[in-house]
């Protein structure tokens, strides 16, 4: 059931595996193992909406996803703040990496306006954006060149990688339950979130809305806040 | 794939759902999505043993189980101390319950010997055990009688249930990853654990050893301690 | 600074220890160790309100409480569902307990009305309440009598205690950060919560509102929902 | 009671606040609030050793530390994998940063030998080390130059910082209980850990061994593994 979707210039998210679905939420809430629901009818939809609205969160922990993602390091550093879930990240301590950097598209080379607590971001003009992209591309190349030179010089990978900037791509597997994932989406699809992580969050929203359509709709209906 | 096994006089555990297996552990550790292993060979077994021995725990979090269980309340009170995992328990606040109490088998009516920090438990003689079982059975019946009388008297379920003793059976769904489950097994299958929870833990061991045979063997081999 | 307050007939909560306060929240959010704020002025209040409203939750994790509580077992069973925090509970496996049961006051002997999802609870009439209290008191006494008889008979404490009903009092120490505690209060001081746990939650509210007045007011102002 | 110790060229750790100590561990385990121990005698030491050996972990969660640290980003990326605890990190999204990079001392410019699963690290010769240090210093300077140039060009801070390499210093506040901290130390003071994080871990060991000497000694005595 693997579904892989591109995000940013070289990144992606992939829904690799799922356990459970809307029915698991219902049956966990009802705890009537013998006579569990087999289909989602109006009663079941009503129950899911009730659970979401009244913040009965644990039934939503019965659905679990495994997601693979490739993201720039600076995105990973925000992502991993979400502690309820399991991460396995690619490590550059012992493995030779490949050249792979994020450079924002022109429209995402942005400037910041507004005041503390209410910042806004707007694209800079095209010429400026081209210049910045060129500078970031050249700088990323030079970081990579230095990384490889240090390796050739016999320096340990874990030392050589210290020169890689945070726009370098990393990849990881994330196992997370639906409740924790809805909290991630609530915060990271929000317009106050950083552009790059919002792109990932919105893509994950699309992927899971097919797997748990009733729970997802209840989440949207009740203010996009995790139960 | 549901597998239900009886535990104690009226209890059970059931492996209701699973996500992943030994291969998920391997592929999470390797983080090589493109060229993931498809079968468990000697290399993969070696890697799993290495991860277990060196306490690289997160790959074992990629395997997730949903377990249904029916246990006496006093067992549940130990079980729920394990915080990494998700519980949905049957609630008697709004639902009329049924008469269902645990009374230990004769051989489990036990006495305690030894000194603090090193207690041992031994069966009492048969006559004594019969007497104790009879007393517990009668007392459980009288608790149930009072519970029902209070309900008939118009008292709220959440008040009436206060008279039920902790040998009353409850049931719950538990979603837990392999790493956390191995920690549960490490502590609760141990001979220092209370007899009743040990019975559940050992049954779960049997159930999961079929699902993740390589990881389970590595756990046993490296001292039965979770990574 | 220990402050002990009675709850229910024989229960209590006690604020045993605290680390940090409103200033810790501010300084954690600002991360300017060198020039940390030393007093709470309007700027600091504004920041705390901003953090609460925008759900920047981690600064509120810098404040930690240790609370001692004595509660009936059926209250403990709800309390311990809150997984983010540390519990050390009195154990009856090896220690001889004392006779100590909760019997609701007359006005809390209640009946349940309304329909699923919207139940209400109302006191029963005084005569009925007196009868119920008498029945619960007698039954608790008989449970205690049986517990002691089993001990005298040589039965292990961990077996004898199985006959104790869930209105028996237990006690525990709870170490919990402010963010997790606000989530507890949000759910357990709510009028949908069970009467007995609500009483504990409201008492804890009183205790901590003195320790973190600005954070507590921000919590109340922004909908009594944890960040 | 703040104690700040330098680590690496510009980093540090500081024990900023503590709640509890060895006595809290003892009293939590005993749960005898009325007659709590007031001093640590042989009995108390014996109990702490028993708890550590038998893996009764929750009493060690009663002691909580707040630690401030300044570390290179690549160290932070390992540190934050420890999920049980609270982090507040300095953010470069909205704040202008200062020039602050880690360059390993000559003796820590290392090469990697051995085979997978058993790597060793050894210093390279002095001339090579000098060359590498010079290259890393120059590269860090050029990264900083580009960061500042992008800011002057009107680019948002959250975009400009993408060019900063992972040897850039960040700082954070960490609130963590003793049990989780011992797990951190168990893994990160180990000789298999990366040199830079081991330096921080060992420094923290020194700081806390004064605060909880009995618990710390028990940890060392029983195999340096968290309970």
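Think of it as A, B, C and D in the order they're written, each chain with its own count starting at 1.
The rule we apply is simple: contacts are C-beta pairs under 8 Å (C-beta built on N, C-alpha and C of every residue); 3 or more make two chains touch, one makes a residue touch a chain.
Just so you know, these numbers come straight off a predicted model, no measurement behind them.
Taking A-D and A-B together, the pair of chains sharing more C-beta contacts is A-D.
Repeated interface, listed pairs B-C, A-B or A-C, reference C-D: A-B, with more than half of the contact pairs matching by residue number.
Centres computed as Cα averages put chain B at a distance of 35 Å from chain D.
Centre-to-centre spacing of chain A and chain D amounts to 26 Å, using the average Cα coordinate of each chain. Centroids built from CA atoms put chain B at 33 Å from chain A. Of all residues in chain B, those touching 2 or more other chains are 58, 81, 87, listed in ascending order. Listed in rising order, the residues of chain D touching chain A in the complex are 72-74, 76-77, 80-81, 83-84, 87, 93-94, 102, 104, 108-112, 116, 119, 121, 124, 128, 131-132, 135-136, 139-140, 142-143, 146, 149-150, 153-159, 161-167, 194. Across the complex, chain B meets chain D through its residues 50, 54-55, 58, 81, 117, 187, 192.
Contact residues on chain C toward chain D in their complex (touch as defined above): 14, 17-20, 24, 27-29, 31, 33, 58-59, 61-62, 64, 66, 68, 86-91, 171-173, 175, 177.
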